[in-house]
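What follows is a single structure, and I will ask about it in a moment.
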Amino acid sequence: MAAATRDFVERLVLPHDDEHDGDVEAAGGDALRVELQAQARAAGLLSPHGPVEYGGLGLGMVERAPVLEAAGYSLFGAMAINANAPDEGNVHLLDQVASGGQRERYLRPLVAGELRSAFAMTEPAPGAGSDPGNLTTQAVPGDGGWIISGRKHFITGADGAGFFIVMARTGADATMFLAPASAPGIRVERHINTMDRSMIGGHCEVVLDDLFVPEEDVLGEVGRGFAHAQVRLGPARMTHVMRWSGAARRAHETAVRYAAERQMFGSRLCDLGMAQQQIADNEIDLAATQALLLQACAELDAGGRASKATSIAKTFAAEALYRVVDRATQLCGGLGVSQDLPVAKIARELRPFRIYDGPSEVHRWSIAKRAVRELAG
Amino acid sequence: MAAATRDFVERLVLPHDDEHDGDVEAAGGDALRVELQAQARAAGLLSPHGPVEYGGLGLGMVERAPVLEAAGYSLFGAMAINANAPDEGNVHLLDQVASGGQRERYLRPLVAGELRSAFAMTEPAPGAGSDPGNLTTQAVPGDGGWIISGRKHFITGADGAGFFIVMARTGADATMFLAPASAPGIRVERHINTMDRSMIGGHCEVVLDDLFVPEEDVLGEVGRGFAHAQVRLGPARMTHVMRWSGAARRAHETAVRYAAERQMFGSRLCDLGMAQQQIADNEIDLAATQALLLQACAELDAGGRASKATSIAKTFAAEALYRVVDRATQLCGGLGVSQDLPVAKIARELRPFRIYDGPSEVHRWSIAKRAVRELAG
Amino acid sequence: MAAATRDFVERLVLPHDDEHDGDVEAAGGDALRVELQAQARAAGLLSPHGPVEYGGLGLGMVERAPVLEAAGYSLFGAMAINANAPDEGNVHLLDQVASGGQRERYLRPLVAGELRSAFAMTEPAPGAGSDPGNLTTQAVPGDGGWIISGRKHFITGADGAGFFIVMARTGADATMFLAPASAPGIRVERHINTMDRSMIGGHCEVVLDDLFVPEEDVLGEVGRGFAHAQVRLGPARMTHVMRWSGAARRAHETAVRYAAERQMFGSRLCDLGMAQQQIADNEIDLAATQALLLQACAELDAGGRASKATSIAKTFAAEALYRVVDRATQLCGGLGVSQDLPVAKIARELRPFRIYDGPSEVHRWSIAKRAVRELAG
Amino acid sequence: MAAATRDFVERLVLPHDDEHDGDVEAAGGDALRVELQAQARAAGLLSPHGPVEYGGLGLGMVERAPVLEAAGYSLFGAMAINANAPDEGNVHLLDQVASGGQRERYLRPLVAGELRSAFAMTEPAPGAGSDPGNLTTQAVPGDGGWIISGRKHFITGADGAGFFIVMARTGADATMFLAPASAPGIRVERHINTMDRSMIGGHCEVVLDDLFVPEEDVLGEVGRGFAHAQVRLGPARMTHVMRWSGAARRAHETAVRYAAERQMFGSRLCDLGMAQQQIADNEIDLAATQALLLQACAELDAGGRASKATSIAKTFAAEALYRVVDRATQLCGGLGVSQDLPVAKIARELRPFRIYDGPSEVHRWSIAKRAVRELAG
């Protein structure tokens, strides 16, 4: 599956990478998505993570790792096989928590690639960001459902999404809600102009203005929003790592091949000691990322929450993979910072991963607190 | 002078930064340049490095440092006061090496901001890059002058430049030539699409095709091109450091102010230990950069070549300033990777400095060779 | 087994750590070894790596990892369970390569803890060090065997060893020989006074002066010395990582407990952000070391040579574990550099691991060469 | 002066380094001190920092830097020229604050090398450590003076000191007192066994038990102990940096010379790229340390407190110089961790500097607080 995905991505997806670099229609927009997903479907590669009953391939986390890494080789690869964030994580969440009716209405078309989705939790300051306890979006009981108002930002894929999963405060607790994008009261206000540009649907600021959600579209239980979000958290961290490993690996391979061709000071660049150090450090960082990833995935497959393992793997990976791409840039010299090679673009896309999905500092804070608790009572 | 420059840049230049972000007319193009330079001239701030006889302010390297750092606070600030690369270095070179006629024809209008210039040395592989000895552009004697052919790339400011300084092989040695951009035989073939986007005139690939240069436009002595280039090298490295110090300082200040306003976990972000570490590390990196810079500038002002000191200062600065901006990004969280704050843009502009003007690896190679020579004979 | 080993080490071995710190009788000498190994034998914990037929526990590499890590919690723990370097690696080598008679004479007593052994390969410059091809010790055919002369250094455990495995040049190739320490012609010339002091038998300089080895004590095949050494290499690297992981973990735990008790600036030290960062970075480094280790061990258990995986794991671990101990030192402040806590001692013992068993630089060189071969043909 | 000091140290002091490594009589004890200081006196090199009126050389901070760096080339060099910690800082403090009688009784013999001194401020937890506000040693008014009780630790040079400067709480504030070591009530309880071993008089735990100090031996004003301590702080930090720069430079030079002689893989070690990187990084770290040091010294010479500049320079230097020595260790391979070369010993001596005189973390905390105050009000 990984080999087939790698082959598919190299042949059919990668050529599109350079056509759409940072334009408004990030990742070519839904037209390209529909085209590529049709090809992936035909190749039997669509939705590797999706439940088999809805046409997905039902791969566990360990099995999924090499497939999503292969997809990540292109910035549009995960989109092409319908395993992109946030859809991929939303599939997992719905599969665990959604009611029967919700599964039909939301999960089935999502796995099939008929629509995209968004996960609306993060808020601008002083709302829910690194500290989810600050959640300010309010849901109040209304006639046969809930009325939700608030402001969300960095909502990935919001522009063009078919539906939203919305986290809102319900009294002292929080609850998750499902809402079609067409519902009155949802407004995608702007694209936040981030340095990464390849995420279809962008990272948006979204206003919820008296959005009505009927009782049947409460996702999971009222008041258990944060608990349900935990279900999504660990696996979503790891699939990010998988995808970005592929991107970083592409940058590394590009650099090694460049260094093997470039002559300098009477030698191949790749035979100069400082270049060898960069190449070796990349191999080490990629291997350590891989090892931490697979160990966390095995924990998840075994049914654990794996919050320590996924937090460590995410934090290490976000930093290590960025180092890999940074060294690849340096190896390629002037071309490394140009669009003549894909390295600079990958660096730009990868940088925010140290912030998205929990900044490294917040992960470290939680890793340390756990260590103190375990070791010093 | 530094305070006045800082004030000028903040009031009149900075507002333009966000208007022109990565568009084809980088830095607003020459229209904005002419407008801003007129304002700088009126304020008595134009060409701080330029010879007094041509209207420059004649500042030495140590005096220049705070002025160019203040200018660097905006990505267009150095352009506004006519102290941008490569013009600033070219002024220095011409002032040292040019003949009387050349001074009138090239140096005077350059100091006055009447035109821009380019320095055409670097070539695509397998030509002159990190290893200048690979120079392939050829100059052969012609009728009353020289005929030059070759290909150059990463020629900063080439698009729209008034004249070029061209390095070409003349037999076993190399020679520098002056040529108006309008000369037949110079063709700006393309902008290399680099991650930095604020350099007016871009980084271009330039083709020289039987370019004729009359004898009177040989710059300095035939066969002494590399020696003359040394004259330009040390100071140009240091003025880069000055400008980028300003940019990095802006990112740092932005981040500190953000962290002082942002509340998190019941505290100001700037009072959390991990944020304090990032802030302190930035202060340390900025201070060390400054200290190395000023020491190298003092050596240059004293008449030395300062190649060890400038090589060390450039290498340290390029890495330290990038770390500063990277930490600033991290401190600002999601907004740090967006255009809502200037940090991500500065990071993108600054990254290539570890490669331009000699990659860190090549500087290290030469620093090490010198150390071995000095310490182990 | 790991839990029992951990318990054994904490109760019976750790108390001896502080009795013997850097004295001539490193690790208490063989008297303490005999005493502790008798206790380990009684507890059923002796020789976890040894073949079952000789009384060892026959654990594979993955099973061995937690056991040797538990042993490494004390600097004398591995010695106590007879799984110390170089004996542990020598057991593996003999088990793979030795003849039936050699097994009885050398392997059996080694597994039983009746004697210790040494592995004499490394030579002073210009001999075999990082570059084994420089081997200068010569073996020439003699009457019914071989006559060996040369000089070896950094021969761990040589002082008091029962027998030596000697690598010597036999024509263009190299061959391994077995020799009792009592053989005329072996002389332990001096202890090299290294910063680590806990290795029983020290790191010695050994002179071989017409040492006679009968034909029956050639180990493996004549001329295949380097190939046989490969058998030992990968597993020996990994058991080093296991033991040092335990030592680093002890330093980390010591520091976390210290930081949980120490009050500073109105808070527990462990709740200050910079301390949390150090604690979290330690957790990350320990986890990544563990993940790389187990992956390499699984490859070895599956019968592979695993030279890439073990090289990466060794290089990463040697650096990561030292960082762990260095941060632990910093966390403990003044006491961290004193013998009031075990941290400084562990740092001193651990530092050479970045050099022993192949310096990081040599590993990086080989990792890079392999990467270029694989990726760029 | 620097050249003469360097020559003196190399000829007369360095040979003693290896005679006394970590023995109880650290640095050879006072017998060697008296012998070496007599030689330094004869050579006109004694007390470069001391007031001229008492026979010192009266050098300012900038002038002092190369001299103390030259002294630091040997671990006993600063002792030999009577510019060791804590005496050197105590001279400065007494020169600024002491009364006329105190100058005669304490400062004069200290500058002359007739006795040594100690500065007793730091206390075991929960007393005054990184947070001086925790000071617990109490001074209460007694008959014609003060009676002081408390416990101090890490009191450098205490064993054998001629007198102590004691910081004690006097009500809400703190006061400094002078006391001869022979005074009843001062007891050097133990040497704290730290990893550094070359400081004459050790780092001791000292008990003050109803120590009587007559009114005339109050140092400075009652209640202004912390303010007076500030006088000592900045310069003492910088002279530490000077001395350790010399030690680190010796390690670096040793490594470069080793690498220039050692052959590996068909090349000189110093010509291999990874070694060149280590050598270059050492040069960069040494140069940046030097630049920060000199800038802070110039501020001090100009009469400023320079607390920001000295804090940054100390923090950077402690980390950078340790990196230098660590890379030197790595360059020297096995010999780098042995006593065959001085590198391992220097590493051991230098490590605590990241903790002594304010751990890096506490310095970073104060650097960050100042930055926030300056930039964000």
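Order as written gives the chain letters A, B, C and D; numbering starts at 1 within each chain.
Please note the rule applied: a residue touches a chain if its C-beta (ideal position, glycine included) is under 8 Å from a C-beta of that chain, and two chains touch if they have at least 3 such contacts.
Heads up on the chains, UniProt names are A, B, C, D = Acyl-CoA dehydrogenase.
No experiment lies behind these values; they were computed from the predicted model shown.
If you take chain A and chain C together, the chains in touch with both are B, D. Centroid distances from chain A, each centroid being the mean of CA atoms, peak for D.
Centroids built from CA atoms put chain D at 42 Å from chain B. Chain A and chain B have centres, each the mean of its CA atoms, that are 38 Å apart. Spacing of chain A relative to chain D, judged by their CA centroids, is 52 angstrom.
Looking at chain A, residues 272-277, 361, 364-365 sit in touch with two or more other chains. On the chain A side of its complex with chain C, the touching residues are 253, 256-257, 259-261, 270-271, 273, 275-277, 279-284, 287-288, 290-292, 294-295, 309, 312, 315-316, 361, 363-365, 367-369, 371-372, 375-377. Contact residues on chain B toward chain C in their complex (touch as defined above): 272-277. Residue ranges on chain D touching chain C, taken from their complex, read 122, 125-126, 129-131, 153-154, 192-196, 203, 262-265, 272, 274-275, 329-330, 333-334, 336-340, 344, 347-348, 351-352, 354-356, 359-361, 364-365.
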